[in-house]
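Several structures are given next for inspection.
Two complexes, one shared chain (chain A), two partners (chain B, chain C).
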Partner chain A sequence: MSRKKRKNIRLFCEFVVPPMLIWALVVIIPLVYGLYLTLTDWNGLSNAYNIIGLQNYADVFSDSTFVDSLLKTFIYVFFVVVLSNVLGIILALLLTAGIRMQSIFRTCFFASNMIGGIVMGYIWNYIFSFAMTKIGDLTNIGILKTSWLTDPVMAMVALIVVTVWQLSGYLMVIYVAGFSNIPSEVLEAARIDGTNSWQLFRMIKLPMIMSSVTICTFMAISKAFMSFDVNLSLTSGGPFKSTELLALKIYQTAFSNFEYGKGQAEAVVLFVIVAIISIIQVSISKRKEVN
Partner chain B sequence: MEKRKQTTTWIIFFVVLVMALLFVMPFFLVILNSFKESTAFVANPFSLDTFGKVANYVTAFDTMNFLNAFKNSIIIVVIATAISSILSAMNAYVITRYRWKINKVVYMLLIAAMVIPYQVIMIPQVRLYGMYLGLTNNIWLVTFLHIGLNIPFPTFLYSGFVSGIPAELDEAALIDGASSERTFFTIILPLLKPITITCVIFTALSIWNDYILASTFLSLKEVKTLPLMTYAFLGNHSADYAPMMAGLVLTMLPVLILYLAGQKYVIEGIVAGSVKG
Partner chain C sequence: MKRQNLTKALSLIMAAAMTLSLAACGSKDSSDGSGDGSGASGQTTISLYTTIPGKDSQFEALCDEFMEANPDIKVDYIAYDSSEKQKWMTLYSSGQAPTVSIMDAVDIIQNSENLLPLDSSELTFMNQIDQSYVDVFKGADGQIYGIPNSVQAMGILYNKTTIEEATGETFDPSTIKTRDDLIALCDKIQAGGVAPLMLTGVDWSLGSHFLSQVFTGIRGGAEEQEAFINSVKAGEVDLKSDEAWNNVMDTFDVFAKYNYNSSDPLVGNTDIDGQSMTSGKAAMWFMGDWGWSYLESTADPNDEYGIMPVPLTNNADDAINQQLGVFPAKAYCIDASQTTEEQQAAAKKFVEFLCLGNQQAMADLLAVALPFADADVNYTSPVIASTQSYIQSGNTYSTYAFSLLLPSDFWSENGAVMQQYLVGQMDRDAAADAIQAYWQAQE
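Then we have the complex of A and B:
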């Protein structure tokens, strides 16, 4: 073996192996071991378990509460992804319109991303329970008079509102960078050609930020599918399990019902769904990007 | 024409102002009501009645076991962030600078790993680390798990930054007879300072705000982190809302202060992390 090759192997072992080893111990080994656990009926308490084949997967898909939770998750993800991107783009457009105090506003819009989901969920829990009902009483607007969190449909709306409140501030930052990267000559040329604001946005700005749209949609999809903290502290899945999203459902199946094997099977289903949707989304929107 | 443009700018300014107020309203309500009595809060969250009570903070401080929870959070955040950042920087340096086949594999693995939801490794981690190794209620295990979870994204951020540093710098050092290791620590590492600040802020934030991992492994009061204590404190369904509000303020205050001080790096970090995903 040449001296150079030995040196390279040493460098690899010193610099790449330690982080990758820790990562493998924390992520990859549990991931693979988790696939094996879905074939068992482990209850989380005893050390013993039986191998039951694919029974857990059969149970998962014949469980109406799981299918229900899956459908709710899809609805939630759809609205969160669409609304947070639309609002993120609107905020970014407004902020790049050349107004004063731009950076102070940016700080305000982004601030919600600094706090964790648990704290955020609680803050909004108080707002829906006390502040909004107060506004409803004062203004006599019917929909604000009773707390949204006590109604199955409105509780889901509340969950979407809170998630969008946080996520749109995050996506806004990426969109601001996207809009600022559009060469000013392009915008100038379009202006000389006499385009109005809407045409300018639709024909020039939007196509130029398609790579930002790709990454923001990707982020929104994975964040929304993994929503857990805010679900727990805002609605705890209620009322009557109407807002129990998949990530929370998995937690309950394992840690409240002691069906660890089944919970793990649900988690694997979530993982496969996120992976497939992410791959499809990235490949579709990559095709739409302008080179 | 010029005048019309100015009017439009003012309209946009006011629209943005109103939206910004709506966005920060929740924070103001929580802070305002954390200084009021619970009854005044329930009666009208927007009023200034009984404003000025500090007693809520004393109650919250005790109930949350604040100093202890704060200490646990700080230990986990500081150690995990420091180790994950340095390991990621070293990792990124070698896989970006040396075009070996295995480095491409490593890079692809890390990118693919970013879509793994925590839920899918949570239960196996409980069995492997909690049950087999008996490490529940151990903050060092939680620290270790956070290090592992925070390898892919920082490596990705560092990798983008390293490819922007001219390779001639390393080559010059190598020709002078310095080893690759020495080149990294004396020449490259100092240049990584801006991206390191970004990585540190990102990693520290995600660990500070983590609930699910900590709640899976930490159940004793003595080892709980701040978000866990907030939840335990709030989860008891009493009607004493004002101290709870004070507890929320205490939990978010440290990060909000850091944010106001270092927001430039936070914003830059998001942009850096979003290019070429």
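Then we have the complex of A and C:
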């Protein structure tokens, strides 16, 4: 064995094995144990449980409320991903255009992301239920007269609005970095060639920030699928379970209904869905990236 | 070759060191946690976990008081966590089960296999508690696993001053003996320009509290309640044509009709609703005596408040219309699965202290009535004083089914049904079918 190879092995043991062990301990073992629990009827507290095979998975897919919740989650994710990215790009474009006090604006738009989900949900709960209805009473605008959170469709809209409000500031920062990295010569050359603003954005800027789009879309997808805290504090799944997204549903199954095995099975299904969609999304948008 | 062996040995040592250090972390945790619980100085260490929000400092003060009187016992107070039951499950799964916990009845029964059966011949102070409250914590094996720490009542909270100002008459809650009496009162209050009733449109209030009245005292005692629920589960009863169901829902319709929140019934915010009550915009509120905590900060000290039963039928002879549904919500339980006998003995002493040691502090902390018939405490809440008068005169009905027979997802599943009924998205028959389907799906 060559000296170099031996050195490599030693380096591997010194630098890769310890983190691998920790990673295995905090990620792999819980994952495998979690998968194992989906095969049991454990209630989360008991010392004993039975192995019931794939019964939990069968229950999950035959449970109409789960499928219902899955569909709602897809609708929610679609709008959140599209709107937060579009808004993030628009904000980033505006705040890289050289307007006055743009760094203060950047901070302000990012600030929404600094508030914890639970707190933010409660704040918006008050805004939708009490502040907006007061404005509705004063101005006689029909849509503001009753709380958005008490109507199934509007509650979902409210949930999307709040998530987009929070997420777009974060995505904006990544897009700002993307736009700032476009070489000014390229933009200048395009302008000399006579592009208008739209062409400049569509043909030059957007292709140049495709790597940011990949990251932001991936982050928005995974964050939206796992959305829990805002869902809990803003609507608690209501009115009458019309906004119960998957993560909240899993929590309810595992911890309110004492069906830990089934809740875990639901979580595995969610994990698989998110993994598949993320892989597809990343591979598609990677292809569009310009090097 | 020599070097290769050295590398191998080195990597093995590295791996072993990692594993050992991790194992060391694990064992350190267990000795610090529940473990055998005996410290170097011969102290027995126990822990207390509660599901009562916002009272950490008061509980810690009680723990300190106990430790001062019992220097051989150390109580670790586990701070309140809003995930309540989830945190409890986590503590159990991680081998850190609290020695003493204050939990809801369903949670205690679900976890009874890990808990210590409590015997009233040993813990004689349990005899001071009404047997029907203690029975709520009876496991499938007939043993008692919890000692109730409080009793609460659900019913109509009323602002006597608002009612009298609106109607111009003196108000006596005992004159409301039927649904029609309630309607007549509501009409008078409404004529005085005040919203007579108020419902908070949250699933727990509608689905757990209001709806539970279909399954509790109106059926009779614990046995009748259980028999009725079993017959619903077995599909022997058609809820749609059930008299009690229709009676309770008729009363619900009265609440919906005169509801202060009727323009947007599902805006469920107990704090805002409490303010509507104290500011005199609404006269009566379907809630419970714990609702005083929503009123307390804004209540006019000159206003008189109280709680009265919900008239569930239209027959003045039906005792239920004059009785308050009283239930023990939470109880002390002691772990038996991860504790030593010394710890269990210390825990029993500690529970006795929490029950009897400083009842005034406990009553102030809980802001609901204590379950002890001869408790010598002053309740600051006028609503609890009102509950106490019903308890003392025996005008209470059994809420056995509410405490014990309703599954833990009852409130969220059927709360959704009641919300749909309240906003007119579901008619009464459809609601009955949905609730019946829920019961039939239970094993």
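The rule is simple: the second predicted complex is superposed on the first by the 268 of 291 C-alpha atoms of A that agree within 3 Å, B and C clash if a C-alpha of one lies under 4 Å from a C-alpha of the other, contacts with A are read in each partner's own complex, and residues count from 1 in each chain.
As a convention for this text, a contact is a pair of C-beta atoms (placed from the backbone, for glycine too) under 8 Å apart; a residue touches a chain by one contact, two chains touch by 3 or more.
Quick caveat, the model's predicted, so the values are computed rather than measured.
Contacts of A:Y57 after superposition: neither chain B nor chain C is touched. Legend: residue contacts after superposition of the two complexes on their common chain; A:N47 is shown touching both chain B and chain C.
Judged by the touch definition given at the top, the superposed model places A:F110 against chain B, while chain C stays out of reach. Once the two complexes are overlaid on the shared chain, A:F130 sits against chain B and chain C alike.
By the touch criterion stated above, A:F74 is placed in contact with neither chain B nor chain C.
Touch criterion met: A:A177 reaches chain B, while chain C stays clear of it. In the superposition on chain A, no contact is made by A:F201 with either chain B or chain C. Judged by the number of chain A residues each one touches, B leads among chain B and chain C.
Using the contact criterion defined above for the overlaid structures, shared-chain residue A:E14 touches chain B and also reaches chain C. Once the two complexes are laid over each other on the shared chain, residue contacts for A:Q264 go to chain B alone; chain C is not touched.
In the superposition on the C-alpha atoms of chain A, the part of chain A touched by chain B in one complex and by chain C in the other spans residues 14, 18, 22, 25, 44, 47, 130, 251. Listed in rising order, the residues of chain B touching chain A in the complex are 9, 12-13, 15-17, 19-20, 23-24, 26-27, 29-30, 33, 41-42, 44-46, 84, 87-88, 90-91, 93-95, 98, 100, 102-103, 106, 110, 113-128, 131, 144-145, 147-149, 151-152, 155, 179-181, 184, 205, 208-212, 227, 230-231, 234, 241, 244-245, 248, 251-252, 255-256, 259-260, 263, 266-267, 270-271, 274-275, 277. Those residues of chain A lying in contact with chain C across their complex are 1, 6, 9-10, 13-14, 17-18, 21-22, 25, 43-47, 129-130, 133, 145-147, 149-150, 236-241, 251-252, 255-258. On the side of chain A, the complex with chain B involves touching residues 7-8, 11-12, 14-16, 18-20, 22-23, 25-27, 29-31, 33-34, 37, 42, 44, 47, 91, 94-95, 97-100, 105-112, 114-119, 122-124, 126-127, 130-131, 134, 165, 169-170, 173-174, 177, 212, 214-216, 218-219, 222, 225-226, 228-229, 232-233, 247, 250-251, 254, 260, 263-264, 267-268, 270-271, 274-275, 278. Note for the complex: chain C touches chain A at residues 3-4, 7, 10-11, 14-15, 18-19, 22, 83, 85-86, 88-89, 92-93, 110-111, 113-114, 201-203, 263-267, 269, 272, 337, 407-409, 412, 415-417, 419-420, 423, 425.
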